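Working notes for the structure below.
By written order: A, B, C and D. Residues from 1 in each chain.
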Amino acid sequence: MNSAASSAAPSNGLSGAYSEVRDATLALVGPLSAEDCCVQSMPDASPAKWHLAHTAWFFETFILERWEPDFSPFDRSFRILFNSYYNAVGDKHPRPQRGLLTRPSLAAVLAYRADVDRRVLALLARRASEPELAEMLVLGLHHEQQHQELLLTDIKHLFSRNPLAPAYQPLPARDTSPAHPAPLSWHDFAGGVREIGHAGSGFCFDNETPRHRVFVEPYRLASRPSCNGEYLAFIEDGGYADPRHWLSEGWDWRVSEQRQHPLYWKRTGRWQEFGLAGLRELDLSRPVVHVSYYEADAYARWAGARLPSEAEWELAAADIPADGNFYATGELQPRAASTQEMTQLFGDVWEWTASSYAPYPGFRIRPGAVGEYNGKFMVNQYVLRGGSCVTPDRHLRASYRNFFPATACWQFSGIRLAHDA
Amino acid sequence: MNSAASSAAPSNGLSGAYSEVRDATLALVGPLSAEDCCVQSMPDASPAKWHLAHTAWFFETFILERWEPDFSPFDRSFRILFNSYYNAVGDKHPRPQRGLLTRPSLAAVLAYRADVDRRVLALLARRASEPELAEMLVLGLHHEQQHQELLLTDIKHLFSRNPLAPAYQPLPARDTSPAHPAPLSWHDFAGGVREIGHAGSGFCFDNETPRHRVFVEPYRLASRPSCNGEYLAFIEDGGYADPRHWLSEGWDWRVSEQRQHPLYWKRTGRWQEFGLAGLRELDLSRPVVHVSYYEADAYARWAGARLPSEAEWELAAADIPADGNFYATGELQPRAASTQEMTQLFGDVWEWTASSYAPYPGFRIRPGAVGEYNGKFMVNQYVLRGGSCVTPDRHLRASYRNFFPATACWQFSGIRLAHDA
Amino acid sequence: MNSAASSAAPSNGLSGAYSEVRDATLALVGPLSAEDCCVQSMPDASPAKWHLAHTAWFFETFILERWEPDFSPFDRSFRILFNSYYNAVGDKHPRPQRGLLTRPSLAAVLAYRADVDRRVLALLARRASEPELAEMLVLGLHHEQQHQELLLTDIKHLFSRNPLAPAYQPLPARDTSPAHPAPLSWHDFAGGVREIGHAGSGFCFDNETPRHRVFVEPYRLASRPSCNGEYLAFIEDGGYADPRHWLSEGWDWRVSEQRQHPLYWKRTGRWQEFGLAGLRELDLSRPVVHVSYYEADAYARWAGARLPSEAEWELAAADIPADGNFYATGELQPRAASTQEMTQLFGDVWEWTASSYAPYPGFRIRPGAVGEYNGKFMVNQYVLRGGSCVTPDRHLRASYRNFFPATACWQFSGIRLAHDA
Amino acid sequence: MNSAASSAAPSNGLSGAYSEVRDATLALVGPLSAEDCCVQSMPDASPAKWHLAHTAWFFETFILERWEPDFSPFDRSFRILFNSYYNAVGDKHPRPQRGLLTRPSLAAVLAYRADVDRRVLALLARRASEPELAEMLVLGLHHEQQHQELLLTDIKHLFSRNPLAPAYQPLPARDTSPAHPAPLSWHDFAGGVREIGHAGSGFCFDNETPRHRVFVEPYRLASRPSCNGEYLAFIEDGGYADPRHWLSEGWDWRVSEQRQHPLYWKRTGRWQEFGLAGLRELDLSRPVVHVSYYEADAYARWAGARLPSEAEWELAAADIPADGNFYATGELQPRAASTQEMTQLFGDVWEWTASSYAPYPGFRIRPGAVGEYNGKFMVNQYVLRGGSCVTPDRHLRASYRNFFPATACWQFSGIRLAHDA
C-alpha cells in the first residue's frame, strides 16, 4: 500500500479509476439472477451479493466514516452484516451464514452500492488531493478487484454443485487457444543473493514488503504450466492410488475426500470439465486448473520435479510485463501455451509455490483495522503467484502474493514445475 | 387414502378443489422474493421454491405420467431434482443440497406449476370419474397442503436466522387473542376398550388406518395448551439447569445445543419472540410453541403431569369439530385460550404426544411409490396431533397423525398436559 | 423392585445370594489381563475394570453410605469416577473417558470390591431383616447381573476390534447345538384384553410395573429365532442393496456405516463370524445375532413378516419357564433350535420388539437417585425381550424389558418374526 | 543419516550403543503398569506399549529382514500392527486404534524386544563392519531415542486426563532450579550469507541436509526462554480475550478449543500445573511449556517481539555445545534460567520457530521405506529447535529439526523471543 499512483488508476484520476473498478464489479453480476447472487455453496465461498455489499462496506467504513463530514451509515445493520474479518471494526456476521441473508435483497445491496458511490465521488471531488484518503481509496480498489475474482470463483463453485451445470457465459465465438500446447522446455536461472518484494512507487499490498535480500541456488523453471494432458498421464499412471507420490497429509486428504481427479473434472465414459461455460469435453492442451497444493506437489514429485519457491518464481517474473490471459480477454479459462519461451507466468492459472505464506523479514503489521488485511493469515497457507484467467487486468505484479490453504481447489490454481539446476 | 370424497374438496368438484389448493400454495409465496424462495436454512428445511416444484412433481409423477396419453415430462431434469424421497421412482437430489438450486429459477418453477396445472385440469375434464385418478389426485392435494405448512415453517426458520429478523407479514390489524388465558382446568375421560384410527368415508392418510381397538385407563387432559407464562415459570424455576426434569437424551441435547429457552425466544433484558410478524415482545398469554419433545416432556414432568398418548388425545378429540385457529384466520400465531372447556385441540399448536410413531395393528404398506409416503418413517419419531395456526383449513382430522423426531423445534409444536385419573 | 424375595437370591439368604453374584462377576474377568480390563473400545462400551468398580460403587453408595454407621468411603475419588449416570448422587466421570483410567489399577479396584464385600456382609449380618436394606441389596444384585452381561458384550466388542481376533474362552468341548435348525413354524395366539407387566411377589425392575391391561389383536409368532442361514438368504437376495426393505432412517444408517452384514460377520471368500471363542466359520444353523433394530426390521419386511410388539412377546412367554441357553451353559453363543414348538424365548438371543421403550400406564419414577435407574431412558429406544446366551441365569423374567437404540448391534440381539393372524 | 560415527554411539562400539539405547527405553516403563502402557489418550499419542513394539519393529524390518540369514519374523501379525507409517513396507494398523491392542500383552511385547535384541546383537557380532548395516542401525537408535521422548510426552498426556492426576515419578530430592529466573536480556547476531544444515561427519537425519547458504538480516534473540511468570502477565493482560494478538486461524483454534491458558495449567483459585510429578503449584520462574504455535506467536506479538526463524536459531546455536537439561538430569521439567548469557538453547523446552517445515534446497527423498522418514511430512508443520527436558542426552544437534502442527501442545514446546536488530 505504498502509494496512490496506482496501477489500478490508469487514466483519468482517482474518480475515473474508482468508477471503472466499481462498474466492473457490477458488470460481473450481469449474467446472474438474484437467486444466483444469494446462495453460498460452501463456507469458503461467499454469495455474489455478499461480495457486492462487502466491497461497498469497505469504502463506507474506511473512507466515508473517516472523511465524510456528518457521516451516517447507509444502514446500521450493514455494518455488521458485511464486515468480513475486521475484528477492530466490531462485530461481524458469521462467515458460514452469509448465504442465509435473503434480506437485504439484491436490489437493496445495489442501492447501497449506488449510495456509497455517490458519496465517495462527492468526497473525491472535494478532497482528492488528500494523500491518506487517496491511499486508502486505492487500497479499496485493489480490494474490490480481489473480490471480483472471488465472485467468479465462487459462482463457478455454486454452479458446479447444480446438476443442471449452468453456464455463467457462453464460450467466446473465436477460440484463441492452440490445439496443441507448445512442448514444455526448461529455462535456467542464476542463483546468488537477490532481492524480492515490491520495488518502485506503485501500489502494492503490505505483504509484498519490505523488499529484501534472499539467497537462491541456481534453478530451472518449466516454460509453461503443466497441461491437462500431462496431468491425465499422472492419473492414468495410477497417481491417485499410490501414496509414494503424496505428502502424508495430502494422501489423507485425498482418501477422506475421495478425490480421483481435479475438482471440476468429471468421468462419464469420457472426461469432461465443468467451467464458466458449463460442462464441456476436457481439453487436454490447456493448463490443468483447480488442483490443491497436495495435488500440485504429488504431480510434481511424480514428474521428477518440484514446485518452485516464491522467490524463484518472482525472480523469473521480475522483468516480464504483467500481461496475459486475465479476465479482460473474456475467455475465463486458461489457454494452451503457444511458445517454448518462458510464458504464461501472468494470467491463465495461479501457480502454487512451495513457500508457506510468511511475513517477509522486517514486515510490520500496520496499526488499526487495515493491519488485519494480510498479516493475520500468515500460517498454514501456501503462496500462489501470477494471477489467473479471472483476475482483473492491471491487478497483478511480479511481487503479488496470493495465498490459500493446501486443501483449496476452487481457485484457478495450477502447476508450474521447477528443478534444481 | 380411503376415498375421493375428500375434506379437501369442499365445493365444486375435483377441478375446483385442485385449483383452490394449488392457488393457495401460490398465495403463500406472495410476500417472498425469489431470493427468499431459494435458500435452505438447514438440512431439515427446504426452500420455498423446492416446495413449489416438488408439489408439482407429485402431480406430474403420480397423475400425469400414469394417465396422460403421450406423457412427456415438462423438464427431464426436474424428475430427479424435485423427487423428495421416493426411491421407487428413481434417483433424487440430495436433501441437504436443495438450497444450491439457484437454477431452475423461481420463474421457471412457476411455469412448471402452470404447465402441470393446465394438463391436470385438462385430464380431469376428460377423466374425472376414474376412481383411481380421483383418489390419487386427492392424495396429491393433501400432500400439497402438508407442504403449505412446511413452506411457512421453513420460511420462519430462514428468517429467524437473519439478523434483520424480517417479517413474513405484519400482524393482523385486530388482535383476537385474549389478554389473559383462561385458567387451565382438567377434564376427565373414561377408560376401557375404545377405537381409534380413521372412521368414515372421507380421505385419510394410510398411517391413520386401520381403525382398531385399544385399551386405555381413565385419564385427564388439560383444557388448553400450556402458555408462555407457564413455561416461563419453568425456566425461572431453573428448569433448564436441572437434569432431574429431563430425559437423559433430552438433557444431552439441551447441553450440546446450549438451549436455555424455546427455539424462537430471545432474551435481551426482556423476553422477545420471533414470529412470522418479526421479533416482538413475548406474549405470556399465548400457547408456548416451537418446543422439542424433550422440552415438552421436561416441562410436563416439572409440572407434575405427563404428555398424553395419541389414543388419549384422539379419543378426547373424536367428537369435536376440527375447527380452530388454522392458517385461514390469517393470524399465523397461536391465540390465548378463552374458555376452560376443552379447547384448542385443533389449530394453534401441534401437541406432542408421548407416543412413538408406529404402525397401527394390521397396517399394510401399499405397493409402489405411494407406499413410501408414511410407513418408512415409523421409527424414532413422536406423534403430534391437532394441527397448528399455519395448517391449512379442512386439512385436519381427529385421527390425523403428524410425526417428528424428538429434537424438532421448528414446527409449531406445543404442549397439552395429561394426568392419570 | 417389588420385594426382597428375589429370584437372584436362590438358596441361603441374602448373604449367600450376595456372595454368589459378586463372585460370579469376579469369575468373568478370570480370562482377562489387566490390559484387557482397562480399555474402552467405543463410547457405548465400558472397560471391564469400570464394570467391576461401578458395581461396587453401587453397593457403597446405596447401601453402605445409608446404613453403615460412621460410613467413610473406600476412596473419595471413586465416588465420582465410578458413578455412571446418577445425577442426584453428584458429579460423574464422562462416559467416553472411562478407558483413560489406567489408575486406579485393576488390583486397586479388586481391593475396593473386597472392602465393599466385607462391609456389606458385616452389615447384613447385623441388619439383614431390615426390609428397605434388603430391597436395595437385591436391586444391587440384579444391577450387578446386568453389568455381568455388559462386561461380556463389551469385551467381545473390544476383541473384535483387535486384528488378532483373540478368544475370550475356547469353545466348549461338546457342541450341543443341532447341525440343522428345526424348521420354523408359526404359532397362533389369541387377542383381546390381556394383562402384561410384572405379577407376583418376586423382584422386578420398576419399568416392568405396573401390571396393566392392553388390547391385542390375534397374532402369530415364529417358533424360533431366525437363523444365520435365513439371514444369509436375505443378504444374497440383495437385502442390503434395496432401500425398499428398510426404514428410511435405517437405510441412511446402513449407507453411512457401510454395513453389508451383521456386525461380527466377516467375508473373506467364505463367511466367518467373530465370537467369544474367536473368529470361526459362520454356522448357518444358529440364530442370527448382533443385528440392529433396522436390520431386524428390514429382514422381517423382506420375509413378509414383522417384529412382534412387546405385549405379544410377553403374552406368549408368560407361562413358559424362564430357562434356556443363558450364561450358565458356558457356551456363550446361541444354539440352533431343536424343536418346532415355541422355543428359545428365553436365552440365546435378545429379541427385538417393534415397541418403543415407554413407561407403562401409571408408571411412576421413584424419588431419589434410584429413580434414575430406568425412567429417564424412555425415548428413542426399542424394547428387547428374553435374554441371551450371556445373560446370567435366574436374571430373566417374561416381563423383563431390555432396551437399546435402534443402531445398537453389540448386544446379543436377534430376531423373532411375527404376523397378524 | 550421514555416517555410522554417531553421537548416539559414545563408547564401546555399535553393540554397546545398541544395548545402551535399547535398555534406556525399557527403563522408561519402569514406573508404569501394563494398564498404563496400553491406553491411547488421543489419536496423536501412542500407547507406551506401542512405542516399545514399534521400535523393535524398526530393527526387525530394516535390519534383521535385510541382513539376517533365514530371516523369519517373530510374529507375522506384528509386521502390520507395529508399522507406523511406512507405506512401502506394507499395511499398517490405523493410528487412532493403537490403544485397542490389549493383545499382544506387555509381556509379549517385551519378549519381542528381547528376541530382536538377541538377534541384532548376534548379527552385529558377525557383521558390524558392514557400512550399510551400521548406518541403518545408528538410524534405528536415533529413531528409538525419538520414541523415548514421545513415550514420556504421551504418558504425560494420558495421566493429565486422569482425575487422579497420577505422578510418573516424584520430584527429585534436590531442586536445581533458581527461585527467580535471570532477567531476560537481548543478544545481537550479525546478518549476511550464512550456512545452515548439518556439517561434519556425525549422524544426522536426512531433513538436516544438505548444508546450504541462506541470507539473514541482523537479528536479536532473547537470552532465555520466556517463563511462566511472563506468560501469566500475558494472560492477566487479557491475552486470551483479544483477537488482535492472534493469527486468525489461531484465534479460531482458541475459541473452538476454549483455551484460556497452556495445556497443563489449571486454575483453581490459585494456578497449578500438571507435570510428570503430578499436579503442583505453578512455578513462575520456569520456562512456559506446552504451548501451541498459535499461543507462542500470540505471546510474542503481545510482547512486541516475534518468533525466530530456524536459520536464526541455528546460527545462534552453532557454536554452543549441545548440553543442557535433557532427560539425563532426571528432573523432567524445565529449569529457571540462571544467567543472562545466551542460555538453554539446548534442553528444557523445544523452541517454536516461525519456519514452516520445508525441504532444504537440494533435499532429496531417499529411495525405499526409509525415504518416508521425514520428507512426506513437510507441509503445514512448524519447526522446533533445541530439545527439551525429556529429550535423551546426546540426541540433539544445532541442526536438529523437530516439527509439529501449529495446534500441537502436548510436546514440551516453549518460546524464545526474537527481534529485528
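Operating definition for what follows: a residue touches a chain if its C-beta (ideal position, glycine included) is under 8 Å from a C-beta of that chain, and two chains touch if they have at least 3 such contacts.
Everything numeric here is computed off the predicted structure, so don't read it as measured data.
Looking at chain B and chain C, not one chain touches each of them. Fewest steps needed to get from chain A to chain C, stepping only to touching chains, is 2. With every chain reduced to the mean of its CA atoms, the largest distance from chain A is reached by C.
The centroid of the Cα atoms in chain A and the matching centroid in chain D are 38 Å apart. Each chain gets one centre point, the mean of its Cα atoms, and the points for chain C and chain D are 46 Å apart.
Per-chain Cα centroids separate chain B from chain D by 59 Å. Taken as a contact graph, the chains are arranged in a single closed ring, with each chain touching exactly two others.
Contact between chains, using the touch rule, shows up for A-B, A-D, B-C, C-D. Residues 85, 87-88, 193, 212-217, 243-244, 246-250, 293-294, 297, 354-356, 358-359, 361-362, 376-380, 406, 420 of chain B are the ones that touch chain C when the two sit in their complex. Chain C contributes residues 33-39, 41, 77, 80-81, 93, 97, 99-106, 158-159, 161-164, 166 to its touches with chain D in the complex.
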